[in-house]
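For clarity, chains are labelled A, B, C and D in written order, and residue numbers in each chain start from 1.
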Amino acid sequence: MKAGVIGATGYAGAELVRLLSGHSRVDDLVLSSVSFEGGKIEEVYPHFIGRVSAPLVKGEAVVSEADVVFSALPHGVGEQFAKTCVEKGKPFIDLSADFRFGEDEAAFRKWYGKDYVYPELRKYSVYGLPELNREKIKGARGQGSVIIGNPGCYPTGASLGCFPALAKGIAAGAIIVDAASGISGGGREPSRQFHYPECADSISPYKIGSHRHTPEIARNFAAMAALEGRGSPPVIFTPHLAPMNRGILSTIYIPLTAEYASVVNVEVKTSGLRALYADFYKNEPFVRVLPPGVIAATNRVRNSNYCDISVHTDHSGSTLIVISAIDNMVKGAAGQAIQNMNLIFGFEEKTALEAIPALF
Amino acid sequence: MKAGVIGATGYAGAELVRLLSGHSRVDDLVLSSVSFEGGKIEEVYPHFIGRVSAPLVKGEAVVSEADVVFSALPHGVGEQFAKTCVEKGKPFIDLSADFRFGEDEAAFRKWYGKDYVYPELRKYSVYGLPELNREKIKGARGQGSVIIGNPGCYPTGASLGCFPALAKGIAAGAIIVDAASGISGGGREPSRQFHYPECADSISPYKIGSHRHTPEIARNFAAMAALEGRGSPPVIFTPHLAPMNRGILSTIYIPLTAEYASVVNVEVKTSGLRALYADFYKNEPFVRVLPPGVIAATNRVRNSNYCDISVHTDHSGSTLIVISAIDNMVKGAAGQAIQNMNLIFGFEEKTALEAIPALF
Amino acid sequence: MKAGVIGATGYAGAELVRLLSGHSRVDDLVLSSVSFEGGKIEEVYPHFIGRVSAPLVKGEAVVSEADVVFSALPHGVGEQFAKTCVEKGKPFIDLSADFRFGEDEAAFRKWYGKDYVYPELRKYSVYGLPELNREKIKGARGQGSVIIGNPGCYPTGASLGCFPALAKGIAAGAIIVDAASGISGGGREPSRQFHYPECADSISPYKIGSHRHTPEIARNFAAMAALEGRGSPPVIFTPHLAPMNRGILSTIYIPLTAEYASVVNVEVKTSGLRALYADFYKNEPFVRVLPPGVIAATNRVRNSNYCDISVHTDHSGSTLIVISAIDNMVKGAAGQAIQNMNLIFGFEEKTALEAIPALF
Amino acid sequence: MKAGVIGATGYAGAELVRLLSGHSRVDDLVLSSVSFEGGKIEEVYPHFIGRVSAPLVKGEAVVSEADVVFSALPHGVGEQFAKTCVEKGKPFIDLSADFRFGEDEAAFRKWYGKDYVYPELRKYSVYGLPELNREKIKGARGQGSVIIGNPGCYPTGASLGCFPALAKGIAAGAIIVDAASGISGGGREPSRQFHYPECADSISPYKIGSHRHTPEIARNFAAMAALEGRGSPPVIFTPHLAPMNRGILSTIYIPLTAEYASVVNVEVKTSGLRALYADFYKNEPFVRVLPPGVIAATNRVRNSNYCDISVHTDHSGSTLIVISAIDNMVKGAAGQAIQNMNLIFGFEEKTALEAIPALF
């Protein structure tokens, strides 16, 4: 089987190449890059020397040769490739935002400032958060849906952190997601904001009240709450830039319903909520609900596809505080994309994603 | 004038030494250290070679020789020195929590697990947040109050971030303070948590729902709200450890009163709130309310006594989001202590605190 | 097959556990820890939650149950385990310095300040640098030599950087090895030197002229030069601590013999030397001689077993400058130990060591 | 007195602004910027809010209004300003390389690929390393020499590390300078090399055998050796990029003359060399020769104008190993420029440069 990556020299694209190289069901890679067409990926990332030296071709060639196509292009420029894949019946897993909003073009337009190029493609697309949509993703090809809108990095961490609370009706009122990302999240293109002396040894929020991942988080929360017929809570989302290479930590404040808020013993309440989370995720291969005393941290999921979750309450017991940690480039991008591929093709879901987190 | 520092070899103590060395009204330093008694501070911190080579003596000698005494000891061990200072009428500026709670011994006991040693000393103590208590601090000696309970680092950032909102009645409901500290905040003593490979390149919260600065923040909020007769909002405080040397960033979520929440135009509302903050702090020498488009960041206050504040709202306009940034060792500890000394002695408030933040 | 790790909770031990967990020929792990005996490794390293929960037993139990024993104990305390393994004919791969000096107890005594406990064990030991001793390692069991003295981290990077120059007689005169290590090299035990605020954002040498890896490097150089009957050059070795988690970069200055030094065209000379290096290592699975224009860097071997080498000359052309980069915990410790295991057991040499370096 | 800075928004320019703001003899600043002309420096560096809000004007205006002109422009573009300053008799302190080579245009041409624009200006220029040329700098105006070629950052650290050895005839043979710089050394312009995820948590050399500071170092060494009539040793210089904001550490290998090399007792020899260094620099305000047991480190000179030097030998005693540490932006650029201004104007040499290094 041949896997293709369009936009293979951006960070998410290269991470796909790295992970796909170790995939037992992938025999060959077809890679494209606009910036480095004609070169080799090992020239852009010497990490690959001796391991991956596939030539960088055009996106069209990837679509034509590969059996599954991953697209790691910027938003708004890859729909043509998606269209061709649909026509050929090849799965197209898109890491941009183009297919994350499905039929809700208005939301996409509002936050991304663009129209859909081929709106009709959305009837073939599924939002690729396996914990929420596993069956749809698995059945995608059978139902003619071959496009996956791979989730954004922040929405992955935030949504997994809130899913049990929303599905089980624990949340009452606005949820605050205060998150910090490593700087690889800003991509490979140099800029002042990500220039080492400007961001090292410092922390700061950015795009307060206006980050594009806000509507995706809100939409996921609504979908999760709707599973048992509940309405959707408002979301406040503040991203921060932290001086680290990888990782997203989400600190999530979920006001508890009166039923929970009124439990006087905070320890008992917290244990109960932790047990509820653990039970909710007990069959998930990549979500780890941490035991008491262990707090989620980005360096314990580094280079892995895990989402670690720890469950706490504030000292008054009014608010559930959930911490979720993911590697923004793995579960937050390339790893989750491969998880989607595994589901689509009926492979063991963990294939190529079994790395234990780097210890430091 | 002689300034004394008890506990001069801890991080806060050494920072005091560094700043006091440049104080135009301080002629001499008297330093103590339990761990390095008999040595010199330049042996512990070679930074001081050629600059400060005061011998490290006993705390008693500091109290006896100095005209003003700074104490950078751990909580619960410095009251004897405070007592002697009171007896001698020497100002005692305490960087521990011992005098932050004034007469409220119950709060101290609950969160610090200790009784006051000399409870009666609290009638001589003032909480040393100049922006809140400037006149009390200035008048302290005249009124026989010579002890300053220097604020904690997190409470400084959180309180300055909320003061205008609380005093002006903008806040409705629970305030969430989500803060991140540089690792110098953990002090000089090595431990697993602060061992480089365990905390570099990673972010994680700690002491969720249980950090000792919580009651100090809540008490300050109450005092600020009470200025105009308002009640005290609940506080949820979550500290994080970020991979940087210095700095505290506080991201503060303040639900707006109906009056503000109902303003439809979010931009107008935000401008108004920013103007209100700017006006509130217009005479403060160390609080900078940032112009539109500039977000507070720890690297823009590094090595300075500034508290930078930026004012935002969430996209729905229901919540005021305030970002405050301080250097945890300067405005959050040693710098603020010197600001208090300046006020007590009637020196120009900015003396020794005029450093422009390091550019990187 | 059961693999055992004595001292599994130190950094090198835990890295062994991580890598062995992915070894296709290892069915089970037996782990010991003095500090955490009775606990589980996932309690010490939450990274392992859901993946490795082997109980931490006594070292004796490891030796008794495992088919191959890795020892990640400090120097001088593991010989008893080695002795038992020899008696049982089980391979013992020692990551301490105890078996790196073979029969040369004097060198060990001089630099490590200890005698051998069982000097006679050295007749069963081989120095485990596969690029130098592959055949001896492979044949070890057949010849009754079941102990591997796994190389030190600095000696690995330095020796691989110099091997071709020494074996081919390119080096004339003293070789300077100027190297920098990530802070994981200092181990898991907290100390002032490795306390985040003391070592972050700074670089400094340590143990100048006195680091224990000096005699190991010198001995390797001698062995490499002796392959073709040449004498041994003096070595000057200066280690530095760099503010990063992992990696060792060695910048090596090798004075060229007159034959090479006299080549006037520096570019031609450098190309020739690079070609010589590339040819020398052409069959090595883990040594990558980089193409022109690519300089070895620690972040291009991170988390992998590669040793990247780039070949340069100074501008006058008198000196060969070789840069080698390894991950100190993989090729510099745990990875190389597994490479030795693979050789001893006749497994494919790359088993469990095929990770492509992390991209960032 | 008015001080002007041409190119005030680059890193060195902004650091000049920061330091000059605290200069007791400077009343006003005139600043220029090509990129931000018409704006204010506080818009480019919010650090300056409330402190420096000088408008950014044209370079010509700086030259016309200021009493002393600092130029922090790139190489080859500021000579016109120098010419005007010479005509007006105003000191011109140039942080580019344009005036570092004096009459040796050939060296400049070879390494910088440009001709001098006004070669005749070199008769008015002095190389501004105060420790080498203090009297020339002091007397500059009297002799009509009003241009200072401010030294490069690496040459400052390397030259101060070798000066005593060269002047006192201790050095025999080629000197190797192996140095590491913080990333602010690369300037403010974003690029792939200095993009956070590409350089964080990693170390690597660059421009091996070809860095432009090589001839400046060699020229300084020659000048230092020539002071007592000695010849000039060859130099090998290898710069590295280390993951830190500021600082340059130079590890310098100086082969000892037979007289020194033959001293058998290495400890005695090292003490003697250290004493010689300490004596040599005993009157220098900014060079600190560290006591035994203290090794130079970049974080002990951070934000200060100090050059810390520690003196060692290799274990065989054949080679003097000198470690020097400077802050690349202070002693390596802006601080040294102000030191030169102080000398030219007869101010106390330490004015505006008295900061004790930041403790972390």
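Note that in this section a contact is a pair of C-beta atoms (placed from the backbone, for glycine too) under 8 Å apart; a residue touches a chain by one contact, two chains touch by 3 or more.
Computed from a predicted structure; not experimentally measured.
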| item | value |
| --- | --- |
| Result of counting contacting C-beta pairs for B-C and B-D, higher pair | B-D |
| Residue-number overlap at the subunit A/subunit D interface, same or different (half cut) | same |
| Separation of mean Cα positions, subunit D and subunit C [Å, integer] | 38 |
| Subunit B and subunit C: spacing of chain centres that average the CA atoms, whole Å | 47 |
| Subunit B and subunit D: spacing of chain centres that average the CA atoms, whole Å | 37 |
| Touching two or more other chains - residue numbers and ranges from subunit C | 11, 182, 184, 197, 199-201, 243-246, 300, 360 |
| Contact graph of the chains (line, ring, star, complete, other) | complete |
| Subunit B contact footprint on subunit D (complex, rising order) | 11, 14-15, 18, 21-22, 45-52, 184, 200-201, 245-246, 288, 290-291, 294, 300, 303, 308, 329, 354-360 |
| Subunit C to subunit B touching residues, read off their complex | 11, 182-184, 188, 190-192, 194-197, 199-201, 243-245 |
| Partner subunit D, residues of subunit C touching it in the complex | 174, 176, 178, 180, 182, 197-206, 208-210, 214, 234, 236, 238, 240, 242-247, 249, 251, 253, 266, 295-300, 302, 312-316, 318-319, 321, 323, 325, 360 |
